[in-house]
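Two complexes follow with subunit A in common, the first pairing it with subunit B and the second with subunit C.
Now for the complex of A and B:
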C-alpha cells in the first residue's frame, strides 16, 4: 500500500489518473466500510442492529469481489449470505423480540482479553500483507483472457467439475445429510420407551 | 484533446445510461398506477378516474403532487433510522434490479459500442436474483421499525412469502439457463430470435412456473398477503404516510415492470419482433412488457386473495417439486443433447 501511495505521489499528473485514483479510492472506501461494519457487529448493543451491520459487511465484501472482477462470487455472496442466511437471522430476532443488552466494554475479563489478543494477532498478520503491494493479476491456467472469454460462472464451473470434483461431491453429500437431519429433527418425535413398571 | 478518455468511455456512457434508465423507470410508475386504476375500473364495470384532464390523465400528476406534499408522520415509538431507511432500500433495490434488463441490441456510436441495457454482465440472471432478495430487507425493516403488531406480521409474512417463491423463480429460470447455456440475458435473447425460437414454445411449464412465482415475488394479487387489508390493515407499511408510503408503492410497481421485462427476455424473445422484417428497436420490447403488465392487472381483477397457509403449502408442496422436476427433465434432455 505504501509503495502505491509513493507511486501516485511521484507520478506525473495526467487527467486519466482521475479514473485510476477513483478506482483505488473506491476499493479503499469499500474496504474501510466493511471493517467499520464488522466493528459495528461486535460493538452494537441491540441485536437487530448487529444483524444489519453484518448484512452491510457482507454486501461490502460482495462489492469488493465485484471490484476485483469476480462477478459470480459476488452474486453468490449476496444470494446465499446476505440474502438467505441473514434473513433467517433477522426473522428469529424479530420473532423473539430484540432487547438491548447492557454491554460493558470497559471491564475486561480474562475471556475478553484472550479474544482480544487473538484478534489482535490476526490483525497484525493481516497488516503484513500491506508489504505485498499492488494487487496482482490471477495466476494459473485461468488468465484474464480466459475469464473474458468464458465468464467467471463458466470458469468456476469448469474447475469445480473437473479438478475439484471429489471435494465438491463430498460437500454435496454433506449438505444432503444435513438436510435429511434437519427434516428428521423437525418432523419426527421420538416415541417414549415403555417401561414394564408402568 | 480528450484522447486520454478513450479507455474510460465505458464509465461515462454507463453513468449516462444509469441516469436515463433510473429516471425512465421511476417516471413510468405514475403512468402504471393510472393504467391500473383505469383498467380495474373497466374490469369492474365502472369508469375509473376520468375527471382530471383528458382520459383522467391529469390524475397521475395530481396524485404525485398530493403524495409529495403530504405530511410525513413518524410515530414516537418507531426506530427512526430504520424507519427512514426501509423505503429507500425498497426503491433502490428495485431500480438496480432493472439495470440488468436488456431492451435492445447494441449500436455503434462514435466508435463506441453502446448496448441498450444498464449492465450486460455474464451473471445477469444471478444479479437479478441477488438484488431482488436484497429488497426483502426493506420490507422486514419497515415491519420491524414501525413498532406495530400489524406491521411486524406483514413484514414477516411478506419476507417468508418472497423467500419461498424465490426458490421456484430461481429454479424455473435455471431451466431456461440449462437450455441456452448462458446466464447473460442479452445472449438468451439473441438465441431466441423471431417467434419460432421463443422459449415459451419449448418450455411452457417453465413459463407458467416463472410467471406465478413472479406474481408472488412482487407481492401482487392474488398473492398480496403482506397487505391483506381485512387482516393486517395495510401490512408492513401501515405506519407510513406521504412520500415514504408512496415509495413502497413505487418499489412494488418497478418490481412489476422488472418482472414483466424479465419474462419478456427469458420467454418472449426480448426485443425481437415476431417476424424479422417488422423489427423496430425498443418498440417491440415495450409492447411485450405493456402486454404482460396488463396481464398482471387482469389477474389482480380476476382472482381472490388466497389464504396464508394455502399460499405456503402451494409454494413449498406444489410449485417447488414441480419446478425441481421440470429442471431435472430439461437437464436430462440437455445431457442427452436433444435440446
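Now for the complex of A and C:
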C-alpha cells in the first residue's frame, strides 16, 4: 500500500496515470458501496427496504463488472437481476404485505451467537485466500485488446457455444423444469389445512 | 490491488449474506440473502476472468445467473403457497411439512 502511494507521489503526472488512479479509486468506492448495501439488506427490518438496498447492491456489482471489462455480464446483471428478479420480489412483497419484523440486532440470543461465530469462522477462512497471492501469470488469449476488438458479448458467445455447450444445454433443461414446477404449484388446488396452534 | 480487493469484497458480501440467512425470520429476506451470496461468487468469477484473460469465468457467471433466476421463481411460488395455507410468514413457525 505505502509503496503504491510513494509511486504516485514521486511520479510525473501523465493522463494515463491519472486515468489509472481514477479507475482504482472508482473500483474501491463502488466495492465498498456494495458491501454497505449488503449490510443494509440484512439490517433493515422492513422487507421493502431490504429489496431496495438489494437493487442498489446489484447496480454496484454491475458497475464493478463494467470496470472489470465485462460489459455483457454487467448488462445481464442489470436486466435480469435488478430488473426481472427484483421486480418479482417487489411484487411478492406487495402481495403478501410488507410486515415489519422486530429485529433486535443488539440483544444477542444463543442462536445469533451461534450464527455469528459460524460466519465469523467462515469469513476468516475466506480471508485466508488473500494470503496466497498470484500463483501463475495470466496467459489467456482474451487480452484487453482482443476484447476491445470483438466485444464482450461475442467473446462470451464463442466460448459458451464451443467449450461450454453441455452446461448451456443443462441450463435450458433447468429453466424448463422450473417452468413446469411453477405451473404445478400454481395450478393444483392445495387443500386448506388446520392451523396448528389453534 | 488486483486479486486482494476482489477476494476481500467478495468474502465480505458472502459472509453478510450467510449471517443474514441465519438470523432473519422472513423467508423473503432470506431469499435476498441467498442472492447476495450468489452475487459474491459472480464477482469473484468475473474479476478472475479479467485477471486470467479467459472467458470461462464470465460464462459460468452467466449460468449462475440462470440458476439464480430459476431458484428465485420457484422459491417465491413456494412462499406464496405457504402463505395461502398458513396466513403467516415466519420460518420459525413453519416446522412441519404435513398440515
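The criterion applied here is as follows: the second predicted complex is superposed on the first by the 148 of 198 C-alpha atoms of A that agree within 3 Å, B and C clash if a C-alpha of one lies under 4 Å from a C-alpha of the other, contacts with A are read in each partner's own complex, and residues count from 1 in each chain.
Criterion: a contact is a pair of C-beta atoms (placed from the backbone, for glycine too) under 8 Å apart; a residue touches a chain by one contact, two chains touch by 3 or more.
The structure presented is a predicted model; accordingly, all values stated were derived computationally and were not measured.
Chemist: Just subunit B (first), just subunit C (second), both, or neither: which does A:95 touch?
Modeler: Both partners, subunit B and subunit C.
Chemist: Identify the partner contact of A:19: answer first if only subunit B is touched, second if only subunit C is, both if each is, neither if none is.
Modeler: A:19: touches subunit B, not subunit C.
Chemist: Does subunit B (first) or subunit C (second) touch A:108, or do both, or does neither?
Modeler: After superposing on A, A:108 lies clear of both subunit B and subunit C.
Chemist: A:87 contacts which: subunit B (first), subunit C (second), both, neither?
Modeler: A:87: touches subunit B, not subunit C.
Chemist: Looking at A:173, would you say it contacts subunit B, subunit C, both, or neither? Reply first, second, both or neither.
Modeler: neither
Chemist: Does subunit B (first) or subunit C (second) touch A:76, or do both, or does neither?
Modeler: In the superposition, A:76 contacts both subunit B and subunit C.
Chemist: Identify which of subunit B and subunit C touches the larger number of residues of subunit A.
Modeler: Touching more residues of subunit A than the other partner does is C.
Chemist: Pick one for A:153: touches subunit B only (first), subunit C only (second), both, or neither.
Modeler: Once the two structures are laid over each other on A, A:153 reaches subunit B alone.
Chemist: In the overlay, answer first, second, both or neither for which of subunit B and subunit C A:123 touches.
Modeler: After superposing on A, A:123 lies in contact with subunit C but is clear of subunit B.
Chemist: Could you list which residues of subunit A make contact with subunit B in one structure and with subunit C in the other?
Modeler: Subunit A residues touching both partners: 72, 76, 84, 95, 152.
Chemist: Show which residues of subunit A lie in contact with subunit B when the two form their complex.
Modeler: Per the touch definition, subunit A meets subunit B at residues 14-16, 19, 48, 52, 55, 59, 71-72, 75-76, 78-79, 82-84, 87, 90-91, 94-95, 151-154.
Chemist: Hey, which residues of subunit C end up touching subunit A in the complex?
Modeler: Residues 1-5, 7-20, 22-26, 28-29, 31-33, 35-36, 39, 42-43, 46-47, 49-56, 58-63, 65-74, 76-81, 83-87, 89, 93, 96, 99 of subunit C touch subunit A in their complex.
Chemist: Under the stated contact criterion, what part of subunit A meets subunit C in this complex?
Modeler: Residue list for subunit A touching subunit C: 4, 24, 27-28, 31-32, 34-35, 38-39, 41-42, 47, 50-51, 54, 57-58, 61, 64-65, 68-70, 72-73, 76-77, 80-81, 84-85, 88-89, 92-93, 95-96, 99, 101, 103, 111-112, 115-116, 118-120, 122-123, 126-127, 129-130, 133-134, 138-144, 152, 155-156, 158-160, 163-164, 167-168, 171, 174-175, 177-178, 181-182, 185-186, 190, 192-197.
Chemist: Across the complex, what residues on subunit B touch subunit A?
Modeler: Per the stated touch rule, the residues are 4-5, 7-8, 11, 82, 121-123, 126-127, 129-131, 133-134, 136-137, 140-141, 143-144, 152, 155-156, 159-160, 163, 182-184.
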